[in-house]
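I am attaching a structure below and will ask some questions about it afterwards.
Order as written gives the chain letters A, B, C and D; numbering starts at 1 within each chain.
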């Protein structure tokens, strides 16, 4: 089954009010072209569930697409520092943060992936997070020991940028998959953006490298450079000029609109060169 | 102070010295100084320690270090890809000896706030969040905190929100090293170029053991030479505001 | 760090009364040479935790090494059918079965791997297994819905047969890893038997294929043909003659001793050809 | 009966017919007949169904089938390795349409015993265990049970232990097909070569719809021809005792 879609069409799968999770971390292997397309299409009231967002939530916060976020840490990492548009949106009360630790988001996604309603998590003693974020406490029926538990969260979509995919949705990620393997199992369905589309035979030749199997995937978007200005190891590193330009652009009024316009042809060019 | 080192070098060396040979040490996101410190320690006194990098690598051998520690490039040379789910499993099973973690604020009872100040729904200040700290601080055998800045807004009497608390061993700053003793931060040593007066002015709570604490031994020639080899491009300096690099 | 040991020395790590888990499934990629060496050394009172044992538990039951087993299914698969020595040991009351489903063993191992005391599991409605095997039931604090939970089980050892390893313990498995990835994370430590020992550079060249990283591994045993008579894909398939011979041998009195003696030189030959 | 088919062919074809196009179908361990049946269905009426094989493959294309369905060789041609943990996650999230499962005993209320008869600690009969059935039966949208044997010791009035119960759709045997209706097994169809008398003698409970049930349509020429192409080596026969192959 050929699941390849143009970026614009794949982004239309995301509907107002849905819960999404986004692959990559901070400024590494973020499906940035897809994130920009969501912003261009003006999707509203999304809830983002991701242990460590960065460029993605900063742009989506600037665009007003996200109403609520569950995360452990939000940063653009050094040398860019904290995500300024995320910070502003939160401090202005436009974006609610459900405070988590990275592994409590992980546990919520694990529960979803296992089809169970909640997941016990280790640690958290002494933290105020369980209290403000409504985690539960359950007595272990075997030892009586109390343990924190978090609810299952099953995102409607996992949007993941990969190095290689076939049109059925089999995909490889080189370097750390970060949380993406888990995300692909926790979400209802996956949307992949990919640096390359390759024949299925490529994946069948070494199936152990396929980190996302086709059965989880709804759409595949050819997006060469689709993580830009974040990295896609090993193809390209974080684009330093691209990051500073992004931060600079968004300081101006109407800066976001201009930024989205300027990046549009880059983002939408992938499909034209599809095999 | 010697012209051959400043706060970045002092911090990198001080953090490296805290690593014990044979330990399994985790370096997470947003952690340029710990990455330099562990790389340095592994070339000095702790060659058998194991570096677990959030970039996905075990004892990686990248050509050069970089400021974004989540970068997969920093894991080149590793014989496996160790992902985030694997790391949190390992730390939860008691398999991590030492973890380096950053902080936005910490109080005299060694409680860390990396979340927010003010109302949760509309905070006066939004911090990045604690990452995995809330889980890691109680689970890693030992946690070393660091911050490349030291002010009364960072070192506060009482944090308004506790993001994380737990097995803190040391906190390394541009001015000093704290240790945790009976649930309280205690001055462990003062960096050679810092006066006790300046430390007091820079800290938001009364410092325990202020007079009793020794000076941090300055970086040795050998440590500095190895540091230049490990970090020729000065990744250790990226967390410091330009003024603090020169003001030390 | 060089963790390579001779088969005999590695088997001495297993002590009476320990809890072990064994990689592979039924008659596929079982660390059979290691299992036979445990039997030769006369280890006693082991508890085996494994969703789908086969050749391993049949031989260990015959040898009287195992006191208790937690499993979902025990079979030699077609055309060999049920494991006869396992069956006899259970029916004679020499081996206790703690009845499980494969995914409840999985969940117990997952809890261990996550460092939490218990794990919720999906399904099981209408089954008598939770009752006879002491599973718990916990109300989900978020919805009130009741869910079965199983206790964490952390084996002392995971013994896993792999295709390729280096002397530090990095390992690849080709084809399905079955439960072995999870086992390697759930156990205190892993012992690997491997078809080949290769330089670390081989693994560093494609680290995404390393399914067991060195930090979990205590010992590496070179065991070419170490899964025999079970399969080690892609090197060799199940040895049909070897399986029938095994079943035939063990029908006779003293048959096990003879079988272990006859297979000794095969099993212990690996180390001599180590790189 | 026709010389061109026997119980193995009837069962393989009957099981294949139960697969609907577009479904995701799981075949577990110890399942030669289901493997043949799904492979056959995918070449007949259900080309868009997806086979998930316990050997680790999705729609694999092995050169030949084999009796041990957990064999990784049977997953050759798959573009991914789908391991057991992935399968149990998928079924628990409601992602599996149809699963084939074996059984040691089943009773008229469609409860399966694959565990033991007698005292748990020293059973009179030890069965292999239910594998994942206790979890799968309530979770897979639909479960098709099969057993290559049919006797009063297998089809019993009441099982002494319930290993699993749940979404049973059909049970296929060498003699007939049962369906589950209002919590009871009901005869769905009788294979063409079986008398109602023989079925009664072979079953340990009173058969509902005994007289009303039609005959199973015999395998068509087309079905048999395709079956020979899918399974030239007769993997479909491995579960049958030799006498039952000839006695049908």
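Quick notes on this one:
One rule holds in what follows: a residue touches a chain if its C-beta (ideal position, glycine included) is under 8 Å from a C-beta of that chain, and two chains touch if they have at least 3 such contacts.
Not measured: the values here are computed from a predicted model.
In terms of the stated touch criterion, the partners common to chain A and chain D are C, listed by label.
Chain pair with the larger contact count among B-C and A-B is A-B, by C-beta pairs in contact. Computed centre separation for the pair chain B/chain C is 41 angstrom, with centres defined by C-alpha atoms. Between chain C and chain D, the centres computed from C-alpha atoms are 28 Å apart.
Distance between chain centres (mean CA atoms), chain B to chain D: 59 Å. Shared interface positions of chain C, i.e. residues touching 2 or more other chains, are given as 114-116, 121-122, 174-175, 208. In chain B, the residues touching two or more other chains are 56-57, 75, 81-82, 88, 91-92, 139. Only residues 24, 48, 50, 52, 56-58, 75, 77-82, 86, 88-95, 139 of chain D touch chain A when the two sit together in their complex.
Considering their complex, residues 1, 112-116, 154, 166, 168, 170, 185, 200, 203-204, 207-208, 210, 212-215 of chain C touch chain B. Residues of chain C touching chain D in their complex: 25-29, 51-52, 71-75, 77-79, 82-83, 86-87, 90-93, 96-97, 99-104, 106, 121-129, 132, 174-179, 181-182, 231, 233-234, 237-238. Put simply, chain B touches chain A in their complex at residues 29-30, 32, 54-57, 67-73, 75, 81-85, 88, 91-92, 111, 114-116, 120-139, 161-166, 238-239. Those residues of chain A that touch chain C in the complex are listed here as 107, 110-111, 114-122, 136-138, 140-143, 145, 147, 149, 151, 172-175, 206, 208-209, 211.
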